[in-house]
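Right after this note come the structures.
In what follows, chain A forms one complex with chain B and a second complex with chain C.
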Partner chain A sequence: MTATDAVTRRVFASYLFIGLLLAATGFIWSVSLGVTDLRWNDVLQGLLGGKETKEQLVISTIRVPRALVAALAGAALAVAGALMQAMTRNAFASPQIFGINAGASFFVVLFIVFFPGISSSALVFAAFAGAFMGGLLVFILGYSNDHRTPVQLALAGIAVSMLLSAMTEGFIVLYDNQTKNVLFWLAGAVHNGTWKDVHTVIPWSLTGMMIALLLSRSLTILSLGDDIARGLGQNILFIRLAVSCTVIMLAGSAVSIVGPIGFVGLIVPHIVRHWVGVDYRFILPLTAVFGSVLLLYADIVSRFISYPFESPVGIVTTGIGAPYLLYLLLRRRGRL
Partner chain B sequence: MKKLVLHSTLVLWVCILALAGCSTAESTREATASDQAEARIIKHEFGESTIQGIPKRIVALEYSFVDSLATLGVTPVGIADDNKPDSIIAPIKEKLGEYTSVGSRYEVNFELISSLQPDLIIGDVSRHKEVYAQLNGIAPTLLLKSHGATYQENLSSFPVIAEAVGKKDEAEPLLQAHQANLDKLKASIPQDEQRTVLPAVVNAKGFFAHTSKSYAGSLLESLGLKDAIHSDEAYPQLTLEQLVEYNPDVLFLMKTPGEQTIIDEWSKNPLWGTISAVKNNNVYEVDRGVWSLSRGIISAETIVKEAIGQLYP
Partner chain C sequence: MRRPKYLYGVLAAALLTAVMLNLMLGTVSVSFRQIGSIFMGHGDSQLLNILVNYRLPRMLLCLMVGGCLALAGAILQGLIQNPLASPDVIGLSKGAGLAAVMIILLFPGAPVGIIPWAAFIGASIMGAALMFIATRFELKPTSLALSGMALGAMAGAGIQYVTVKHMNDANTALLWLAGSLWGRSWEHVWLLLPWAIIAVPLLFYLSFRLDVLQLGDNAASGLGLSVRHIRIVLLTAAVCLTGISVAVAGTIGFIGLIAPHMARKLTGPIHKHMLPVTALLGAILVTFSDVIGRIVISPREVPVGIVTAIIGAPYFLYLLGKKK
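== the complex of A and B ==
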């Protein structure tokens, strides 16, 4: 083990500790905040699964699943973003910018229109199909050009996202009665998260994150370039395929529950790489933890936008994320 | 650069031609109409319109105007019914004759509307103000409050519509008859009624409360009932926690028949049972078309009849 490696490990450990602490605080804060007046005792009982009083029920059946949905979706979207950035070596890669969120939402709305009684566990598969289609379109468009640059791929992604969003909105206009109130979900919302949603999303996001961790060493090598990776004996095609499936699993399952929440997958991996460098064994766990942190706190902020009513959490992440994207673009230009 | 100049010249030409087309069309219409009857100036939410004679071919771009016209015994020649004839509720439909669907309320189909050669168009001020000029180019257009309007605002549009279709004198007696009908229904509400009511649209993605600012909410309040939510927002989305906190004593759930809704999910939660309306068996499913889409004198009486029938059987 080299000296720099030891330093990175120490940095990693301290950020992981801070991240877990922030996530735990955010979780408890999220759970104790809402329209019902609660005493700390209720919060504690509710967290332990108490179902005796109304207050405990509010905690254990509404606020805990809501916070869990936020934490899981945040982690899933952030890790999906990190995987995409490693695989494409593109700083702008994220499920939102590369058409994956828009594809998943398009299919979810499509299925809601044509199969009104569809269950949420079936909608996950619709989201997978949509995520696959959105991502594929972007890569076909972005890679058909020999002189591709990261910005070109991002532009292809934004164009595909806009096309898919336009089609989604078209469906919403045409099938107003079935879809009118999907609009709120389309802006990204976690507030109706239930235990059922948690159960729907948990197998996918945990599996996805496990696979991501298993692939982390290969990802680090892949992010150095195809030639180096090939030289080091990596099966590039296999890794790309596995990473793509994992991205679809993570982003698709999250979007089917919380809607296309933007920018989580873009910001978090960037910040984390800034802390711990290029090793994905360190980047991925931190990305997961800080993805949860970001969405948990964004969800808390969103409750105050039009209190006592709820606002979509996507407003908050976009409010933070869009300026960050601009900052990234400007910084790149400065380097050129 | 050359291309740009060419393009802008083209655009300019199209504009000039369009304007010329409008002005000639208007002047010929004025010339022929002034022979028939005097011009009436009708004030509406987006300005004033001059109407010549009695309009015979009216296009209604919202359900609430269809309700008003049906009350006045007028069948519009065209209705924006979102291509769903069933979205016009039965008590209104039976008063209507033949009409042509002009498509969506959101995406106005100008070609279809002008092919009907209307002499009056009634649109919604919130939805159609951006296209007012185009509509006015087809026929004199009134924009009135419809989407998001309260019961009182809705009623205040009625005399305007009556005057526009040349039935000014009928408006007052009809409104009085409506009030009398409501008063009769209202009599069954006990003086000491304390229960709060909450109408709400429910569907797969959420629960949308209709507050005192909504059509159904303000209508029920005008009868002396209390809406469980007083707010400036007409249709806020609620979480189960908020619903439990507002704790309405009566729930009117507006749903599209056969659709899965969030209530299927919520009713499995023990908190659902703590809501007063659920505890006391006062949850009623009602038709969303009647309670939320129609918004007019006929649908108001239908809503009140239904509400009172459920509350005081």
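== the complex of A and C ==
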């Protein structure tokens, strides 16, 4: 183990500690906040079980699943973004910019319109199909361009997202009887997360994150470039395939529950990479933790925007993420 | 390049067909002969009313909106040197949409006539912000496009917030956002006409400069073009064209994206030939789409923006596949 490696490990450990602390605080804060305002010791008692009170009921049926959905979706979207950035070596890669969110939401809306009684566990598969389609379109488009740059691939993604969301909006306007729920979901919402949602999303996001961790070493090598990775004996095709499937699993399952929440997958990996460098064994766990942190706190902020109205959490992440994207663009303007 | 004269003949025929269909079809059909007799001055007064007060302004709006959006797209694609740029991609339409949705939902009592102005102002603010970023940080064109996307995302979040907050009246706003020419009148025609008239000479003035710009910044400034200056002029032109068409018709997507592509395929990349064809194609597409939207689920209407998306999307996908 080299000296720098030891330093990175220490940095990693301390950020992981901070992240987990923030996540735990955010979780408890999120649970305590709402129309029935709860004190922290109520929350702790409620979380730990104990006597059957009204507070405990609110906590276990409404607040906890909501916070869990936020934490899981945040982690899934952020890790999906990190995987995409490693695989494409594109600073702008993220489920939102590369058309995956838009594809997933298009298919979800399509299935809601044509199969009104569809269950949420079946919708996850619709979201997978849509995510696959969106991502595929962007790559066909982006890689058919002779002189592609990160920005051009991103532009291809935006064009595809636009196409898909225009069609999504079209379906919403034409079949407006289910509009209400879909509109809220499209803006990105965790506030009506239930235990059923948690159970739907948990197997996919945990499996996805496990696979991502297993791939982390290969990802680090892949992010150095195809030639180097091949020279180091990596099976590039296999890694790409595995990474793509993982991205679809993570982003698709998250979007099917909380809607196309933007910018989480873009900004979290950037910030984390800024802290711990290029090694994905460190990047991925931190990305997952801080993705949860971001969405938990964004959810808390969203409740304050026009209390007691539940504002969609997606507008908070966009409010943070879009300026960050601008900052990235302006900082890198010499190199694009 | 290929033969423009022949091409103009075909385009003129297509335009004429689209225009006639747009006048004839709808909840109340007007036959060709009836239109003829109305123009000769002796026809059913009820049909005359429908034709003059509803169909004619709507048809003219289709032509102008289509032309303006297509030109805005062509200008942006030339400016950003990327075939995927369009007014909707770089966020101009989103800015207009936010302003309009705010008027519709936050001030339900406001007169309808304010919405176009609000939309125009929204697009202009978006354009001004983009221009500020572009000149202040001397961005390359492609980064400019992505900045536009970031700004557009913020406006989009605003739209979502306002619509979700005022869910019960959201349908009016959604209809506007989807792009519709329903219920438009002569008032809107007069709003759009001066801009369309300004746009035509402007387009000839700009066409040569757009060509030079394609050679790259160094070559262009070597040939005596003030690249910075011309970019601002082009962006302003695109903002105005987008702003005013979105103002009267809502956000009609894909015209600015696909019309310039089709035109480039027909005439080659020289803007002097390509821009007029782009405008014509845009006009034809919107006029046809409007007819389709009016007749598929008559007496209800599919917003024209959805029809353009459904027509535009496959063509767009075809383009992607073709490029390999």
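One rule holds for everything that comes next: the second predicted complex is superposed on the first by the 324 of 336 C-alpha atoms of A that agree within 3 Å, B and C clash if a C-alpha of one lies under 4 Å from a C-alpha of the other, contacts with A are read in each partner's own complex, and residues count from 1 in each chain.
Keep in mind that, in the parts below, a contact is a pair of C-beta atoms (placed from the backbone, for glycine too) under 8 Å apart; a residue touches a chain by one contact, two chains touch by 3 or more.
Everything numeric in this text was worked out from a predicted model, so none of it was measured.
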item	value
Combined model on chain A: chain C and chain B, fit or clash	clash
Touching partner for A:V173 - first (chain B), second (chain C), both, neither	both
Which of chain B and chain C A:F184 touches, first, second, both or neither	both
Partner chain(s) touched by A:T207 [first = chain B, second = chain C, both, neither]	neither
Partner chain(s) touched by A:L163 [first = chain B, second = chain C, both, neither]	second
Touched partner set for A:S121, first chain B, second chain C, both or neither	neither
Which superposed partner A:I315 touches (first chain B, second chain C, both, neither)	second
Partner, of chain C and chain B, that touches more residues belonging to chain A	C
Which superposed partner A:S32 touches (first chain B, second chain C, both, neither)	neither
Touching partner for A:Q234 - first (chain B), second (chain C), both, neither	neither
Single chain C stretch clashing with chain B - from 135-143, 189-197, 225-233 or 243-251	189-197
Chain C-contacting residues of chain A that also contact chain B	173-174, 176, 180, 184, 306, 309
Complex contacts: residues of chain A adjacent to chain C	92, 137, 140-141, 144-145, 149, 151-152, 154-156, 158-159, 162-163, 166-167, 169-170, 172-174, 176, 179-180, 183-184, 186-187, 262-263, 305-306, 309, 311-312, 314-315, 318-319, 321-323, 325-326, 329-330, 333, 336
Of all residues in chain C, those that touch chain A in their complex	82, 84-86, 88-89, 133, 137-140, 142-143, 145-147, 149-151, 153-154, 156-158, 160-161, 163-165, 167, 170-171, 174-175, 177-178, 253-254, 257, 302-303, 305-306, 309-310, 312-313, 316-317, 320-321, 323-324
Complex contact set, residues of chain B against chain A	82, 84, 87, 104, 106-107, 201, 203-206, 208, 231, 233, 236-242, 244-245, 256, 258-260, 262, 265, 269-271, 274, 288
Contact footprint of chain B on chain A as seen in their complex	34-36, 51, 54, 57-58, 61-63, 112, 116-117, 173-174, 176-178, 180-182, 184-185, 191-192, 194, 196, 306, 308-310
